[in-house]
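Look for chain A in each of the two complexes below; its partner is chain B in the first and chain C in the second.
Then we have the complex of A and B:
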């Protein structure tokens, strides 16, 4: 039982821990102080408790599709925020730093609501069994510690001294994380039949079982799916294309904007 | 007048598509699962292969449970005393294990697609 709790808490914290690690490494490479983290974490925890408390009512929305629709909405929002965050890395103006700080906080806030909400619901089950509550909390703490350790490994892997390399690496990892989020969102909408999906295209469980530790880690980072349907593959591909398109449009806009302001200052 | 007719035909088409979609939803066979004392009833559920089904899950326990299956790509929290709906398939013939993540030691079951 206690081992099960460690695994459950680890699974729920892994995704948020890895995402926060990636965002912290972005923050470090952009010389943005970590002062945004405590507020984002506290707001996220508060949001998670509110979401967990309301989950029963939310689940009944849209003919019992509420949980999936709200979660998919949060995933989509994180995707959009990451799309804006990636090209901002190459902007050196101070307004970009402020914007990035806001985006980093918002992403952490939303990610914690979703993951933390499920953990809150899980622990409410133990409130009725006080004799096992202390053991459950201790096991949960171990699961949390392991999850945070994986996050720390990801953080130190992504901290690269060379600025241009760091931006590219973070851009690449964030793109894959964002695409993974969209696959998860698609999966949620398939689950409630808002999106129709056919039979799986392949089964890579023989290579990397989805339930294995490696499977869970790459699911958390890249949205790994051992038996994806065609619509999930399309969602992944379009999401990557979407990030690239937003980055290209943003760069065009910035070039034009700086050109106009340069001409205006010349006049 | 032409524009009005065109608008009307679009509305009719939309309503038609909506009704068609609803009838497709209605055509999906419904299966039921009950969670009681951290166990699934029935623990083996036989469903038709190659067809999407609607699974109605009722949690009769007072504690929450999470229906989960790696093989089915499904994951959903069901609060104590609540019910929920998920759609499964179309599946190839075979066995697809599922479990209750919050009570893995006991809450185990499988869907058999035939």
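Then we have the complex of A and C:
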């Protein structure tokens, strides 16, 4: 039981802490003060509690596929916001600091609702069983501590880099996290038969077991799946291609826009 | 770019401790579970072999031989020969030799089958799977809880250790901030940790370069001023002789004015040089500002009298720690400035005050004053309000207030410009930290 609780808490915490670590590093590289962080975290936790308490009713939506569909929707929303954030952190002059703060806060807020809501439901179940509560809380603490520690190490790995290198790493990690979220959204929709899965393409459990700590870390960063189906592989590939395409289009737009502004100022 | 090395070290060290401890605990837990599984399997195999041996030699065994914890079925040619009370009468598993997991009666069972389908005797032995896992979990929780409780203590210890570790950096910063403005002496590298040696070496290199540059600048201004003084004196004598014969010659008068201006500029450059030299070398003594003001007013009284300007000295004794010659230069410049820009028959007032902890000097005049937007610029070297082509027709170099500002800075004082509410012109307010105690022998 302990191991299962640790794995569940670790999955949710790792994903959120790695995402928040990258966003904090983006904030630092853009010279944006961390004042947005406590507000976004508090709002996210409050949102997670509200979402957790309403999860029973939400589950009944869409012919009892509500929880999975809403979760998938939130993953998709985070993906879209990350797609917007990646090119903006390279072209920071094209957006005000206030807007950037809002974007960062929105990502943290939605990600916390998604991850925190499930943990809330999970732990309220244990509150009724006093005999296992200490074990559940201890396991949860281990999962939380490991998740936060990995997040802290990711944050400092990013902030000690040179500015240009850090921006490249932000883009890379955010792309992988975003693609991982899309894979998770696909998995949720497969669970409720909105998408048909098909046979697994391979099984890499022999190399990196999905339930191991390493498996959980790369699940949180890359959306690692030991037995992926063709749909999941396509979802992952298209998500990465989507991020690259949005970044390229935005870069083109910025170049054209700066060219037009330059010409206008020359005239 | 990290904001704090101390926070970085504390968080990263704590994270590494958490990761290593908890991952090691998890690995230990997994290994314990595997060891328990192996023991369970071994026990089942032993029981199965024992049962097999018993039934081969004796077809009926009394049930009292087996304990309550032994769950088994013995099959002979698809006929149940014997079973423990707690297992059903149907074949529990497919008769395949080896271990199997099966759910039954709300539990997960680990089963071991001995003997193949065609064998005469088939033994099935069962045990609740991971019956001891709660014990293993209990052991893990008991092992991990002290680590969790001790984490805040580890955090505090790491914080203290990091603080001690970064102390040499703090000491270096204190040492640098307590240095005199012109102290370029190298830092002694044997007093610092080896990690700080590259910084010490770079700082010493920087001090060396700064010292050279500073020395070059000082020597240049001193040499230039001295070298210019001699030919200028000769020029002024020649001009004086020339003007004796041609009293109304305009060119001669213009040349005289230019020579005066040049002389003033050289004197100011020399003052600037002297102020920097004193800041570096001479000791601070107790100065009494009211006495200094009296002396300077007496010095320039003749010049004030020509313009029929009224000068007033207000206030009493005000003592401070400083350099007498610097204070004299400061007052001379402020009074010169006030006299230059105050029209004939105008008024100049010098107020010396002493409040708790500060001594103040206020020089006011009835001149045109300075526009407020120019206040910050007038302290720049060679800056003159209205530029060199100013209509004031006043001889000036643009160095006076810059020298005053340097003296104030060296003496850790403050300077403020404003408009005089009573006289209407410029008011220059200077303040310094005061001293308590009697006037020393070396004071004015």
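Quick note on the criterion: the second predicted complex is superposed on the first by the 235 of 267 C-alpha atoms of A that agree within 3 Å, B and C clash if a C-alpha of one lies under 4 Å from a C-alpha of the other, contacts with A are read in each partner's own complex, and residues count from 1 in each chain.
The working rule: a residue touches a chain if its C-beta (ideal position, glycine included) is under 8 Å from a C-beta of that chain, and two chains touch if they have at least 3 such contacts.
Since the structure is predicted, the reported quantities are computational estimates derived from the model, not experimental observations.
Asker: Quick one: classify A:65 as touching chain B (first), chain C (second), both or neither.
Answerer: Only chain B; A:65 stays clear of chain C.
Asker: After the superposition on A, what does A:133 contact: first (chain B), second (chain C), both or neither?
Answerer: After superposing on A, A:133 lies clear of both chain B and chain C.
Asker: Kindly classify A:218 by the partners it touches after superposition: chain B alone (first), chain C alone (second), both, or neither?
Answerer: After superposition on chain A, A:218 lies in contact with neither partner.
Asker: After lining up the shared chain so the two structures overlap, which partner does A:56 touch, if you call chain B first and chain C second: first, second, both or neither?
Answerer: first
Asker: Mind working out whether A:159 is in touch with chain B, chain C, both or neither, as first, second, both or neither?
Answerer: A:159 sits against chain C, while chain B stays out of touch.
Asker: Just checking: does A:187 make contact with chain B only, chain C only, both, or neither of them? Give me first, second, both or neither.
Answerer: So A:187 only meets chain B here.
Asker: Looking only at chain A, is it chain B or chain C that touches more of its residues?
Answerer: B
Asker: Is A:198 contacted by the first partner chain B, the second partner chain C, both or neither?
Answerer: first
Asker: Across the two complexes, find the residues of chain A that touch chain B and also touch chain C.
Answerer: In chain A, positions 1 sit in both the chain B and chain C interfaces.
Asker: Where on chain B is chain A touching in the complex?
Answerer: It is residues 25, 28, 52, 54, 62-64, 66, 70-71, 73-80, 82-87, 90-92, 101-105 of chain B that touch chain A.
Asker: Which residues, counting only chain A, touch chain C once they are in their complex?
Answerer: Residues of chain A touching chain C: 1-3, 6, 28, 134-135, 138, 141-142, 145-146, 148-150, 152-153, 156, 159-160, 163, 213.
Asker: Residues of chain A touching chain B in their complex?
Answerer: Chain A reaches chain B through residues 1, 4, 7-8, 55-56, 59-60, 63-65, 67-68, 118, 121-122, 124-125, 128-129, 187, 190-193, 196, 198-199, 209-211, 225-227.
Asker: Hey, which residues of chain C end up touching chain A in the complex?
Answerer: By the definition above, chain C touches chain A via 1-3, 8, 11-12, 14-16, 18-19, 22-23, 25-26, 29-30, 33, 133, 137, 140-141, 144-145, 148, 151.
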